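Below you'll find the structures, each written out as structure tokens.
What follows is chain A paired twice: with chain B in the first complex and chain C in the second.
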Partner chain A sequence: MTDNTKQIFVVPFSEDIIRKAGGRTLAVRAGDPGDIGRIAAAVSADRLHCIEVAADSLSGVRLEKEWRRLPLVFRLKSAGRLLDCIPALEDLRDSAARFYLPATGENITAARVLSSLMVKTGLILDGDGADWDAMEDLLVYDSCGKVAHTSVEPFLYVYTEYKNLQADYNELYLEKEGTFFHCDESGNIALSRAALGKGEFIGTLDKADTIDFAGFSLSAREKRRGPLLKFEGCSLCPAWRVCGFKKSENNKLCAMKQFMTALADAADQVNKNAHNNI
Partner chain B sequence: MPTIIFKATERCNANCAYCDVVHKKCVPDMSMDMLRLVLTRVDGYLKAKPDEHVNLTWHGGEVLMLGADYLNAAARLQEECCPSTKGRISHLMQSNLTLLTPELVAALRNLGITQVGTSYDPLDNVRGFGSARDSDSYNRRFFKGVSLLEESGMRWGLIYVVTKKSLAVPGELFHFLTNISNAVMINPVLVHGGNQPGLEITAEEYADFLGEMFKLWWPARDRYGMVRPFSEYYGYYVEKDPGLLCTRSGSCGHNHMYIGPQGQLSHCSASSDWDLVNYGNIEDTTIVEVFGRQKRKDWQERSAVLEAGDCKGCRFWGICHGGCPMDSLAVHGDLRHKSGWCAATKLFLEKYFEPITGLRYEGGCAHVN
Partner chain C sequence: MPNILLTQKCVRSCPYCFAKKQMNENDGGEVIKWEDLVYLADMFAQGGCREMRFLGGEPTLHPQFADFLAYSLTRDFSVTVFSSGIMSDKVKEDIRRVYKTIPQAAKNVSFLCNLNDPELSPPAENKRVEEFLEEFGAWVIPGFNIYRKDFSLDFLFRYINRYGLKRSVRLGLTHPILRENNSFIAIPDMKGIVDRLLGYLPQFMQYDVTPTLDCGFPMCLFSDEQLGQLYKATKGAPKFTCGSPVDIGPDMTAWACFPLSATHRKSVYEFDDYQKMTAYFNSFAAGIRQEAGGIFKECDSCSWRKNGLCGGGCAAHMLKEIDKEGGVRAFKI
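This part shows the complex of A and B:
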């Protein structure tokens, strides 16, 4: 989990933006995988939170050997044809890169296969359109499976962090408000990717020293507690601590409560097994 | 380690339904001269007892109503009055957190405070501001305070007081409380003098309420951090861990005292709020003398009296010790009787804790009276 007092700036790759960011910690969005090497050269390892790369599918990804230890986060639209990944498989599984997919049924199946192939994967749970039944099945495999595999995010995050009530797996997607600040090519700063898209700016990078980031961090912490002001809905959910949604409205229609409750239970079991060396 | 419950103020900005202090006619806040005297007395105690530490627990009323200037002045006075003993003084605090500001956070740090105890109730009109007991604004300010505390790197723990209103929703309350805090204590409402109409619960009701919560806690207990009394009982059953709450420890006679805003001395917050114990005034005595008084010997002998009397043969003696002495004093006028809440302890352990866990308390006690 990221340090609550630390700000991380999510920026597009440009020499100008990286210069304006000064010594701040950065998550750099690569427009093209070819930018990866240049980003790693421009941002020192102690300042680099991750390099986020958008790509259509895994089958198009080729990792250079010198990128092996870089904190790479790929956001894919789909896994693609897994057979096409075979030539690059050794590089994929040997690298620190993690490949995120939208949580559709097809991608959830692909995540399971990739996990079994020791490729680090993750599923993006940022909307209620996920296939929750398929997610539950994957959770069973991930938490209880005896066959060697890499744990799928955000399961691994939850297993590790769920006892901390401030944990929020949305930070895997660079979306924990108050911690991640999103910037555009002009250096405008917003509180989230969505706010950036809407032009809801809080300031600019070149004047970042005048922005009260601690105040935004505090406001974000208060905002995450918003549903707790009512004794109903999300505030009473047994899965509150692991859920990345926490919206109190429409809780009776909550599609993810069953899955999130299972996720919390799985975290208990994983930790119990680890404690008992199972 | 002596615990001094220290009330520098009885003023409060809230109007919680179960509070005794709210119904009292408040005395003025502790003056700086009195504060200096208290700290001088603490210094004297620690010099006389070179192996001891003192927990100075700020209580109220609402402590934060004293303001940052007062608390900073207290820190300066401690430097002045306790130069060689300040390292053996730990400041603790109970606060409703609704008045917390960055300046007050800094003042708390000045006193070495890194965690705060607080209370909360999500049910309407139990805790709130003003005669109408406005919960909405209270709750918002509470969570603002909690957020500021956390953002400042400080920790907090939560006391939940079970009232009549709580009894219908044990499961919901369990999830709510563990969703807001990893350190929860669930206590029964203590009613004295009829100040809390409609809130009182019986020992059986409290035991059953705990039992319903326990059914949720036990299967996932590692997830929730500290939930008392469950964690406490479990620790005691499994490891004979002597971390019992003061009301169950049987040892508060050795190590508790209370100092009020005007220097008035008593045993603890409850004994002062209920006017049950009077040890005089700190102006006329020292802390060493207070702990050495004959009256205190009654406290220290209580365990022997109970073991031979009310609690004779009780399987749970080692985990309960006859409950809070204040309950005996309030009902019977002496310390020779067990608390009425003992029935709740026994019922909870026999009906819920032991059947669900498969553990059985075989007696014995790691604690030495």
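This part shows the complex of A and C:
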């Protein structure tokens, strides 16, 4: 988990952007898996938060041996066919890479299969079409399974970071506002991925020293507390402990409620079990 | 050892079909889901069972058959596929890929093909079976289900020699299925079957093929001389007891075995673990044997049965008799 005073810059890969970012901690978006080696060479390990790679399907991913220890995060559209993944399975298992899929029914099944094969996976919860019932079923498998498998994100993150009875999994997706600042190819900085898409910038990388990032972090924290200050909607929902108020703008009890409540309860139980040595 | 029915669909319609009850109960559209396969793999692994047995219908008709095969191998299970050998070119291509990309497949995958006499089967079916045997013969254990008194095994030796199949044949007696109308060998005909079967022992010895008797053969049908011959042919003591398999359907319903599938069905999810599941169905089969003794009156006082050398024939015959006494009794064992 990142501390509240730390800022991480999510940047596209270019030599120019890396130079402009100076000594700041970076999450670098690779346009192509071919960039991974060059990113690792350009950014030292101590300031590399992760390398985010977009790809269509896991079956097309081939990892080089020298990438094994790199913090790779693949954002995939689907897992593809297991039979197609088999030739690369050993490399997928051995690497530190985690493979994120949108949380549709088919991908949730794929995450379960891959997790049982010891491939590190994650599910992206914010996209349309998330299957919350299937997520809850996977959560039970993940938290109660009797046979060794790798944990699926965001479950592992929430179990691990469920401190003071809450954890904000948005950090996992480089989405925690005030911690992650998103940059485009020209070095423009935005507060979120969405704001970057809309062109709502707060400054540029080459003048980053003049930006009050700590102030933005503080206001982001205030903003996160907002929904809890009203006696309605999210403040009355037990899921707030982990949901990060993703749907708070609707101020309604949302479709995530049941799953997020189960996730918080599972985190609670996992932590109690660990405490009691079960 | 549990059998997993990947699908109820089949490409054949054998008159003796053990799975007839399941096939008749639904349209065959249901297939086992990935989530359930993962659940079973976990359950088996935790229970120390390292073998998956894929059955159908025809298991290769499952849309993810090859992926299931690859998955099971990757989780260090050995896999036996009970197949007719009739499958599409696409499935065969997928199987080739499994053997090519997973090194342990050559050792840990086998196909148990229940072969029907080609003289009694449609030529188009024979052609497809032979194409499969031609390519995958080295991994095929031939099987034969005896459902007629005038059966012939000549074709099995021909297939084994021509296609290089494994030199072992699983020989099954067909049994009645409770409340179904399948073809099976009636008890009075069993002695004739055994005599005819042992008539093939010289060929078994000549071609170095080991006959393996499936469950349901009572030991007393064999003379001492025949038992001696069988001992040599099977390269060790033949078994006359029941292995009590568990069958698991695509909807995760489990039952003791196909012939007993009309009763004592439970969801796999009702069992805490693998041991409790197998213990439940073993206890059901043992209950039938306790109630009925065996398929012959003499079974009650038979010392071979008491000493565990013989199971007294298939429990399906016994269950059928019990069922005649009262419609609900079979379900109360």
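We adopt the following convention: the second predicted complex is superposed on the first by the 259 of 278 C-alpha atoms of A that agree within 3 Å, B and C clash if a C-alpha of one lies under 4 Å from a C-alpha of the other, contacts with A are read in each partner's own complex, and residues count from 1 in each chain.
The definition used in the following text is that a contact is a pair of C-beta atoms (placed from the backbone, for glycine too) under 8 Å apart; a residue touches a chain by one contact, two chains touch by 3 or more.
The structure presented is a predicted model; accordingly, all values stated were derived computationally and were not measured.
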Q. Fit or clash for chain B plus chain C once both are placed on chain A?
A. fit
Q) Can A:K146 be said to touch chain B (first), chain C (second), both, or neither? A) second
**Q.** Dominant contact partner of chain A by residue count, chain C or chain B
**A.** B
Q: Once the structures are superposed on A, label A:A264 by its partner contacts, choosing first (chain B), second (chain C), both or neither.
A: first
Q: Report for A:Y162: first if it touches chain B alone, second if chain C alone, otherwise both or neither.
A: first
Q) If you stack the two complexes on chain A, which partner ends up touching A:P87: first (chain B), second (chain C), both, or neither? A) second
Q | Partner chain in contact with A:R112 - chain B first, chain C second, else both or neither | A | second
Q | Superposition-derived minimum Cα distance between chain C and chain B (Å) | A | 24
Q. Given the complex with chain A, which residues does chain B contribute to the contact?
A. 122-124, 136, 139-140, 143-144, 146-148, 150-151, 153, 172, 175-176, 178-182, 216, 220, 222-223, 225
Q.
Taking the touch rule as given, give the residues of chain A at its contact with chain B in the complex, in rising order.
A. 4-5, 162-166, 214, 217-218, 221-222, 225, 228-229, 231, 235-238, 240-241, 264-265, 267-268, 271-272
Q: Note which residues of chain C are touching chain A in the complex, please.
A: 33-35, 38-39, 41-42, 45-46, 64, 66-67, 70-71, 74-75, 94, 97-98, 101-102
Q: Spell out the residues on chain A that touch chain C in their complex, using ranges where they run on.
A: 81-83, 86-87, 89, 109, 112-113, 116-117, 137, 141, 145-147
